[in-house]
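For reference, the structures are reproduced in the following blocks.
You will see chain A twice below: alongside chain B first, and alongside chain C after that.
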Partner chain A sequence: MPRISEDFRQAMNWTHTWLGVVLGIVLFAVFWMGTLTVFAPEIDRWMIPETRIAYDGREISYDRLLTQLPPDAATSDYVNFVVPTERHPAIGIFYRDSEGAFQNLLLDPRTGAPISVTDSHAGSGFIYPFHLSLTIEWQDLGYWIVGLAALAMLLLLVSGIFVHRKIIAEFFVFRPQRKPRRATLDLHNLSSLVGLPFYALMPFSGLLIFASLYLPWGMAEPFGGDMDKAEAAISGAYDPGPRTGRPAPIASLDAMKRKAEAMWSEVEGAPVKTNLVRILNNGDDSAAVYFRNTFPKDRVVLSKYVAVLDGQTGKVIQNFAKPPIGEAAAWVEGAHFVQFGHWPLRWLYFLGGLGGCVMIATGNLFWLRSREGKLAHASLGYRTVEALTIGGVTGIIAATGAFFVANRLIPTDAFPVTGERADAEVQVFWLVWLIAFVHAAILRERAWAQQAWAIAALAVAAVASNALSTGDHIGMTLAGAEWAVAGMDLLLLITAGIAAWAGIRLAPSQTPARLFEPMPAE
Partner chain B sequence: MSMLLLLVAVLAALFGCALLALSQPRHWQAVTHTRSEPGRTPQRLGVLLLTASIVLTILRDGASFAALFSPVLIGSAALVTAMVLTWCPRVLRPITKMITPTN
Partner chain C sequence: MAGNRQTAGSQRAPAGFGGALAVWRLLVGFVGGYALVSGFVALTGSALPLLGMERGEALSLASLFALFVYVPTCLFILSTRRPWRNGTIMLMLAAAMIAAAVVI
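Then we have the complex of A and B:
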């Protein structure tokens, strides 16, 4: 094996250090929200209590649902039904209203009646989009920032391997009793190495998922530069063309659904179910019905099948199955979306995500610890990184806690600064996060302990406010096996315990003595 | 059967990582409180158990899931091993006795 030169190692060290310092906090935010997204449907049920419905697996009649829709949805030219599952027990509907805006509704699977729900973006509407784009929609800027951070993550992983001198000898080493700088580096190395394949897969698959955004020209090239044709060939997208203006009733959705599922099941040799029923050009004689099997529960690979049937005759217009090379990409994407029904793996993803947060936070912390007691400690650059690290780590966790508490406490007729009640919860998140940065900039290292206590208090407040506002206290949800709500409450209580322990350990009386001990050469 | 395979795969990953850690003199000596060398046995057994863990996850879930499950399972087992070595290394002493019965 060729020996790694010292110059090369130093170049890698420089790359690792500055990419981490510049993009570490973005990476932490993306990893933190990605970790929560693993349980986004469960967070939805916690934040929108009206959807805490016991799923009984009953067959839904979409023909009947269509007759029960509110007028605005029933007359829409574009209606989507999201088939309920154990993790999404309510029937989801999204449609385009008469003014062209997209609207969401939830229906009770037992009656088909619309559910009057708490107006909240919850996990799927805020935490998940934050993970993808930091919710910065302008010119897709957020997606580009996250994409850049993902690319940086891959570079950080590779450069980190070269920076680490004793990668095998110190694989299992963690020495919390040593100097803080050494202990921080041990934890950074340990959390990096144990999750290395996971940390590599996540940014790689994330970049692949948004390849059409980041590299549209390459994808469209084989299709003469036409992105719509590329989408159709890759994912079975279908365009019914313009409406003819001739009204016509739609044929039986249930019969068409059975037909699509029978076609797929015959090819697969096992039952394949529809996840999405979409009516295109609804109410027109050019109507088509699109069925998709997006997230199979029993495999990692994403949807292979799309079927489009004529809305009048029920004849198959398009029967799409991904080619094998598409399935390879769909495995990588499925590995990122974690929508499969493998609960042990889902929990390991959650723990892997938390491990990634530890890795990123300790990386930034090590940069700070390396400069403690030196001239740089008072510099603007150091103070900026310090404030960004504290606000970016404990600050975003506290802001998430505030988001949960706001969800339970904001009254339905609240007047947020902009938008609706759901936006008010998001505004609380941003406000608390901003305050955390300012607090960190003013109090410096003393802010760690105070923000840890804020996290503990907010987590306990979230559990208490859920119990008080819904009556679903943790004893009841555990006894009733309502695992989504009970699990959320338990994780909040565990978070509170860990944060309180951290608050005690980081108390100011202990902090100065530990922080300024210089580290001997090792 | 599925739960049993999962349990055995988890145990194999945990013991496999523990044995790999014990194949390093610093951990072996910290656990045994001796200055003896671990020899090749812990490393060979560790690799064997990790391989068994991977095979069991393939048998249980198929290669597609196992390609995701095994790395995160073994990574988690490595983290548990590191924490045990940090705070309670004597927990691993029975393993050292099993592979060196004359000690």
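Then we have the complex of A and C:
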């Protein structure tokens, strides 16, 4: 093996340090929201209490649903039914309205009637998109920032192995009683190595999912620059072409659904269900119905099967199954989405995400601590990184807590400054996050403990306001085995406990000497 | 002791990372690397079908390997002792791949 030169190590050190400092806070935000996204459907049920309905696994008749749609949806040319599951007990429907805007509705699986729900973006509408794009939609800028952070994460992992090269020797070394800087570095190394394969898989698969967004030219060029053709070849996307303008009724959706599922099950040798019933060119004689096995419960691979049937005759127009390499890629993507039915693994993803948060936060902390008590401590650069780290770590957690509390406390008929009630919850999130950065910039180290206490208070307030506003207090949800709501409340209480403990430990009065102890060259 | 050499975050930039060189490394590594990986994906997706692979499969394969091209390229440009020469070679390689993909 060739010797690794000191130059190379220094270069890796430089790369690791500066990518970490510049993008660490973006990475933390993406990891934090990604960790929560693992439980996005459960967060949805907590934030939208009307959807806390028991899933009974009944067969849904989409023919019947089609007859009782609200007029706006019934006349839409693009109607999607999302098949209910245990984690999404309500039937989802989204459609394009007459003005071209997308509308979402939830239907009660027992009656098919629309459920009047709390207007909230909740987990799937805010936390999940934040994970992908920080919800910065302008020119897809948010996606590019997150993509750059994901690339940086891969570079950080590789360079980190060289920087912390004694990592194997230090794997079992954690010295919490040692100086804070030493302990921070131990915790950084420990949390990094424990989850290393997971931390590598997440940015890798995440970037792969958005390959066509990040490489628009490269992915389209082999198909003559036509991305639609590329998508059709890779994922079975289907374009029904323009409407003919000749109205025609649609054939039985239920019969078509059975046909598609039977076709897939025969190939797979096991039952395969559709997750999506999509009507294209609805009401026209060019109508087509699109079915997709997006999230199988017993497989990692996403969207392996897509079937498109003629809307009038029910004949199969397209029967797509992912070819081998496409299936391998869909497996990697499925490992990111974690939609398969495996609860222990889902919890491991959650813990892995939190481990990533610890790794990123301790990395930034180490940068700060190795400069504490030095001249740089007063510099603008140091103070900026310090404020970004505090606001980016405890600040975003507190802002998330405020988002939950706002969800329970904003009245249903509230008219905030801009837009709708759901947007007001999100505005609370951004406002609290902004305040956290300002707070950290002013109070510096003292902000840690105060923000930890804010997290504890908000988490307790969220649990209390859920109990008061819905009556589903934790005793009741536990007794009734409503795991989504009970789990969310329990995690909030655990968060409150940890935050309070951190608040006590970080209180400046107890550890000023240690925090400000100048670090001699070790 | 173990921590002796862990100087992550030393104050001075190491040799080869001053001013213009650092900017060149970052630009060529990230932006040039992006051009290279675009060229790689386009070329792989266009060339493998000539050998009989299905076009969609070739593109899936290319996208799976894209980061195995991008990440080492970035790290190489960030760490090479001859950033000007190797960066220029890398940019020329990216241009060649893009040109080849367009021609095929």
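Just so we're on the same page, the second predicted complex is superposed on the first by the 515 of 522 C-alpha atoms of A that agree within 3 Å, B and C clash if a C-alpha of one lies under 4 Å from a C-alpha of the other, contacts with A are read in each partner's own complex, and residues count from 1 in each chain.
Operating definition for what follows: a residue touches a chain if its C-beta (ideal position, glycine included) is under 8 Å from a C-beta of that chain, and two chains touch if they have at least 3 such contacts.
Nothing here was measured: the structure is a model prediction, and the numbers come from that model.
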Fit or clash between chain C and chain B when superposed on chain A: fit
First, second, both or neither for A:F291, with chain B first and chain C second: neither
Computed vertex angle (chain A) for partners chain B and chain C, CA, steps of 10°: 80
Of chain B and chain C, the chain that contacts the larger number of chain A residues: C
Touched partner set for A:D7, first chain B, second chain C, both or neither: second
Contacts of A:F28 with chain B and chain C, given as first, second, both or neither: neither
Chain B versus chain C as contact partner of A:F350, first or second or both or neither: neither
Shortest CA-CA distance in Å separating chain B from chain C in the superposed model: 13
Set intersection of chain A contacts, chain C complex versus chain B complex: 169, 173
Of chain A, residues touching chain B in the complex: 169, 171-176, 190-191, 193-198, 201, 299-301, 331, 335, 340, 342, 344-345, 348-349, 351-352, 355
Contacting residues of chain A [partner chain C, same complex]: 7-8, 10-17, 21, 148, 151, 154-155, 158-159, 163-164, 166, 169-170, 173, 182, 185, 204, 207-208, 211, 215, 217-219, 221-223, 230, 233-234, 323-326, 328-329, 332, 366-367, 370-371, 376, 522
Chain C residues touching chain A - in the complex, by the definition given at the top: 1-4, 6-11, 13-17, 30, 37-42, 45-46, 49, 54-64, 66-67, 70-71, 74-75, 78-79, 81, 101-102
Touch list for chain B against partner chain A, complex: 6, 17, 20-21, 24, 26-27, 61-62, 64-65, 67-69, 71-73, 75-76, 78-79, 81-83, 85-86
